[in-house]
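Below: a set of structures, written as structure tokens.
Both complexes below contain chain A, partnered by chain B and then by chain C.
Entry: the complex of A and B
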């Protein structure tokens, strides 16, 4: 294998590793937040331990010494808690959070092929911390020199520069081998007896769950350079082929650290353990076929556009059928085409629905980061908060998910900053010192509701009224007439913020007005209910799916209109010489075809032939299968818009398909070119 | 010649296995359930044990564990049917060195036993 192939394989392996790391870090974050609440929860400690262990195994396999070292130390701390009864203190959790942050940075650097952060700072932090109590460094070196098989069944291995090398043992089984997974398990077990197995693909976990192929890759180190391991594997029944090669060499070109010496006094250990709970290893998932695939959203969008095209074709088919029928003789063909069009309609509708469903994602995707965020914010504000989440499996269109992410962050920040009182204040008001914030999500008919509840100070309508007057948003007179509910609604007014000065936490230039606008863009809605002294409840009402289309934004007499791109064939700049008069009406000749030219402004005013003075562009389109050029003042660009119904009365207006709120927050009418004339 | 303990409750399987091994010159001892197997292991000290999994009184996994307790270095080959995947996994976790799948070809059996005698 040449260097280029090696590098490509390394990048491939790395990508799979990184996606696993993402998952593990997200879980770890959740677990740490939980752990802070329940520091003696053995299952949580075990989970965090396992995540670190798995990352360590993968990092070792890829020759990423810094990652190995950091995860190893973190693992050691957890191990002391897990098996030596060391108490998990709040400071300890802080260090674990810091390690997590480091690993995130590390992961991002790896993903972007950038220089990785130096582990020195975080290692020093862990060691200093360890020095305060018992010594982690000590326990590490002890592990490194103790018996060959430590308590948890993992083996220790020295990975530093002049120590052992990593080898890749590839075992190919006979294709007709019975009980393949057991055979793989046997090989892994026996090889583990004569070498230090770092990880394998498929992992032990996969093997035990029957996710095997006829190739087993074992990453190991051994005194004898893996010779005995290879011999052992060859000796196992149903093994067709065994190969052994240096692995770290294959990646060292890209990772100088892999062959360099490791800083710090602590020995490095990469564990592989036979006990199920800590044995996931570094799974190369491409060898096992899961039931899901990752799809680029751009592909889904593309598919959606294609469905749009299908719908247009169907309409044209129907028109052709109608024309044929009118001509009389070929009505049989016409009927056939009509039947075909009807079928095409059903198919495209189902296709559309299928793609809509593929766009759904569970709220978990954005919820997972909240526990950590709440924890950090509460700490910074000197408040105590218990945070609860429910319904994170509720699914929503990914666009909706994207749109509500920032608003939710804002609402949660508000709950901590303005809602929950300081512990002293709370006690003085007869409340428990710890405030409570709940984030809930559930389905209700055709909507998804997401609610943030807090048991804080609530919103005082009088305070809001005063603030509104002070900011010059309303007069004293106007404010006096407002009900409590209406007063609370004032927080949605642009430029409103109840605190004099934006605090570090809430002040980010976005207010509740932005929250409301964001939600309205996607046909959503936000409601606030609050009671002074008892708390606040902010509820987001969200559509399950969205009708999204790509639209061309055009300007006409200072108003913005959205025109579905699917109904625009071409856009031309109008030059004076282009316009001719045919039968007394303006028309354009484009490459020999004649397009009657009507003015958008005129058409909207029922005077379609009256040319607007400032029309500079023509959209070539067709209505009722006839070519048509539509004159507009200006082109503003293309955007993906969410179609909103106009309501019962306005929807009857000719040529208007609906309305939308553009990315910048301005409303725009969506035109139906077919019905415009 | 090395001694092999053949453990199987089915007389047909047991005698067939024993005959194949005897033809190769191995000295063969037999047991028809797990408890008997542990007892015979202690008495006869065979180099290799061929252990069926499903047996009355004490099954193959129990017998394997019993033997391993008496002699951690015992070399036990599990004899299994295709549907017993999880049992074999457990056996390997408990220290079984190898397994063969029933119905087996004589050569497979001989090869497995020979390997255990060598190591």
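Entry: the complex of A and C
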């Protein structure tokens, strides 16, 4: 593809490709872990093969030769296993995993516009295994031969003796579908797997060279009259309509001329007298549009901000109504506005809840990587682990998902590193050599529970106590008074870790204390239960939804404040020349609009015109509905913060909306800019 | 605060006792009925809250909850002190809400016979101060017994007044 000139378009295509690659790699990872357990599972091999194939197609379209080569070789190996009965050895699975890791690195480099990793090493590794020269010998330019699709569209239709019927499968893509050639490639190869493709227009070569339109015609024969082919095509993304019809009655062995014309492929089919309405084919409208749509997170955030605005307006409306009600003449108007405000409140509350629900994502999003992780860790620790997951469809707010990702990794690592014993130890204790780790998730009342359980050694309260004394966290005396349960709780103390030396697996500086802090930030909770010799159970209790606000974190006199993003129009760097004075007061002129410049430090000290000395940024905002430039020392970025109450004592402060807990665990005040001054 | 019954199992004790947490503020020793103390935690990062009343030192993160912390030194008119590691935050609960109080150091939990507690003399404490429950003599030391709940509700009442006034001026 030569359209790198058109960088914007290239980037756009790339983004779509990358998100697809993410999905494919995640699936492949899962499949590989399964495949390791059942190396002869043809369906799994097929899935992995297909994923590689799709990535190859996309990479080819975007001109990413390295990606094409790697996926192609991987395909070759899989093809040997799939169609030539080569045995899938554990070493081969390892290579497949290595390929996966390479692709992931490759994908991240692409996404970050960085230099891509060299494929040489991984290619050499694959070649070692692709012993059967025949398939490796395929040069990349001959890619695609593994599927039963003629490349040039001009293969002679060779009707076999019993005169199989030819069907025309017309696939119409959505006119705005991006990466049309990738989709066409996908349809063609998938259809090739369930039927015999005689020719197509555009041809496979055309497709690979990006000569595509939104209609793809495939001429095929199949045992089931092409029904499976139509079904398969319909399942491909961005396919708008699929129709299947008997191509032409005349195409039979009695009419070899017709078959020759079919072979003519693209453009030539007009030569056939083909009455569509009279044809015996049937048309299948694509009805499975699905009940879900993909929404950009940014859009959701925007909607949430807007709801926030509504809530603020509602509050102000109520205030106005109160003022009106007080004065006699306008009290009727006041009543009316008040009723309106009440209605607005109900609507905005429901809207808010709806949006919060739209933010829910299934746990699958973070669970998928765990099987592979467990496999690798277990291997490295010389342990045998059977890993089970359940409840991965349980949904949680995406912020909650983000926050529990690292803690779960940590807990699972602990389970392998400290929990599960080595096979010898286990046998000695009368347990099966293979340990078991389960990751479960389910709803319980208004919470979601996520639990990691293992059947390992358990946590020994005595060891914990000793470690706590040794680390100087508690005295002998204090430790002696602790119950078993309290002793186990000690693992949540900052600076606690029982391993003597930090291993590669755990001990990376994050401890259970970080797990606890992370969870508490989102109003969650973590509990540990353990029995020596029997195992450990770590349970996370998580809220279904949260009072979340997008906020800009700013620094002012060494303190961090959160300012709702919805109330900031723009952020500017303050340059000395930008500041003027109007009647002696500082102001900034931005594109012809005047914004009085007030320092946040001054405003908070109710000395609003006092300029701070180190202000580098101005937030354009509004206070009491007047434009305002608010000077702050530094910007620390935008974040989703969980709004927390500060208690009655601090609940009614002007310009203070509440507090939140920042990533590193410190509290921070959330400002209400509208009422700041 | 009404005299608390001794803990069950201690009925055999003839003399009625009060368990108090003793702490120091400046050179003085104060005590709080142990029933009012939820938890005592080491001093930690306290983030000031703009526009909060003077006696509120700021907020802390207590296991994911944001909790206001008061400075008792300020409350009693002692001069402010720089944070030092001996300081502790005594957590109490008022109407279901946790509130912390900074003290200089916590010395011990004491059992004081109720008989040794004398009512506060109004000369020292002033008439309107309800939060002093009494003064206990322990050896040669005097311990001023405080009612944390009253201190806080006192403070709260004052705050609400201040805030109302402030918003009245603004609007």
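Operating definition for what follows: the second predicted complex is superposed on the first by the 367 of 677 C-alpha atoms of A that agree within 3 Å, B and C clash if a C-alpha of one lies under 4 Å from a C-alpha of the other, contacts with A are read in each partner's own complex, and residues count from 1 in each chain.
Everything that follows uses one rule, which is that contacts are C-beta pairs under 8 Å (C-beta built on N, C-alpha and C of every residue); 3 or more make two chains touch, one makes a residue touch a chain.
Keep in mind that what you see is a predicted model, and the values were worked out from it rather than measured.
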| Which partner, chain B or chain C, touches the larger number of chain A residues? | C
| said: Let me test your reading of the model: by the given contact rule, A:236 touches which partner, first (chain B), second (chain C), both or neither? | reply: first
| request: Figure out whether A:166 sits in contact with chain B (first) or chain C (second), or with both, or with neither. | output: neither
| With the two structures laid over each other on chain A, which partner does A:182 touch: chain B (first), chain C (second), both, or neither? | first
| query | Between chain B (first) and chain C (second), which, if any, makes contact with A:641: first, second, both or neither? | reply | neither
| query | Does chain B (first) or chain C (second) touch A:26, or do both, or does neither? | reply | neither
| query | Okay, in this complex, where on chain C does chain A touch? | reply | 45, 47-53, 56, 59-61, 63-68, 95, 97-99, 152, 155-156, 159-160, 163, 166-167, 170
| remark: In the complex, chain A touches chain B at residues 178-179, 181-182, 185-186, 189-190, 208, 210, 235-237, 274
| query | Where on chain A does chain C make contact in their complex? | reply | 516-517, 519-521, 523-524, 559, 604-606, 644-650, 652-656, 659-661, 665-669
| field | List of chain B residues in touch with chain A within their complex | value | 80, 82, 85, 88-89, 92-93, 97-101, 108, 111-112, 115, 119
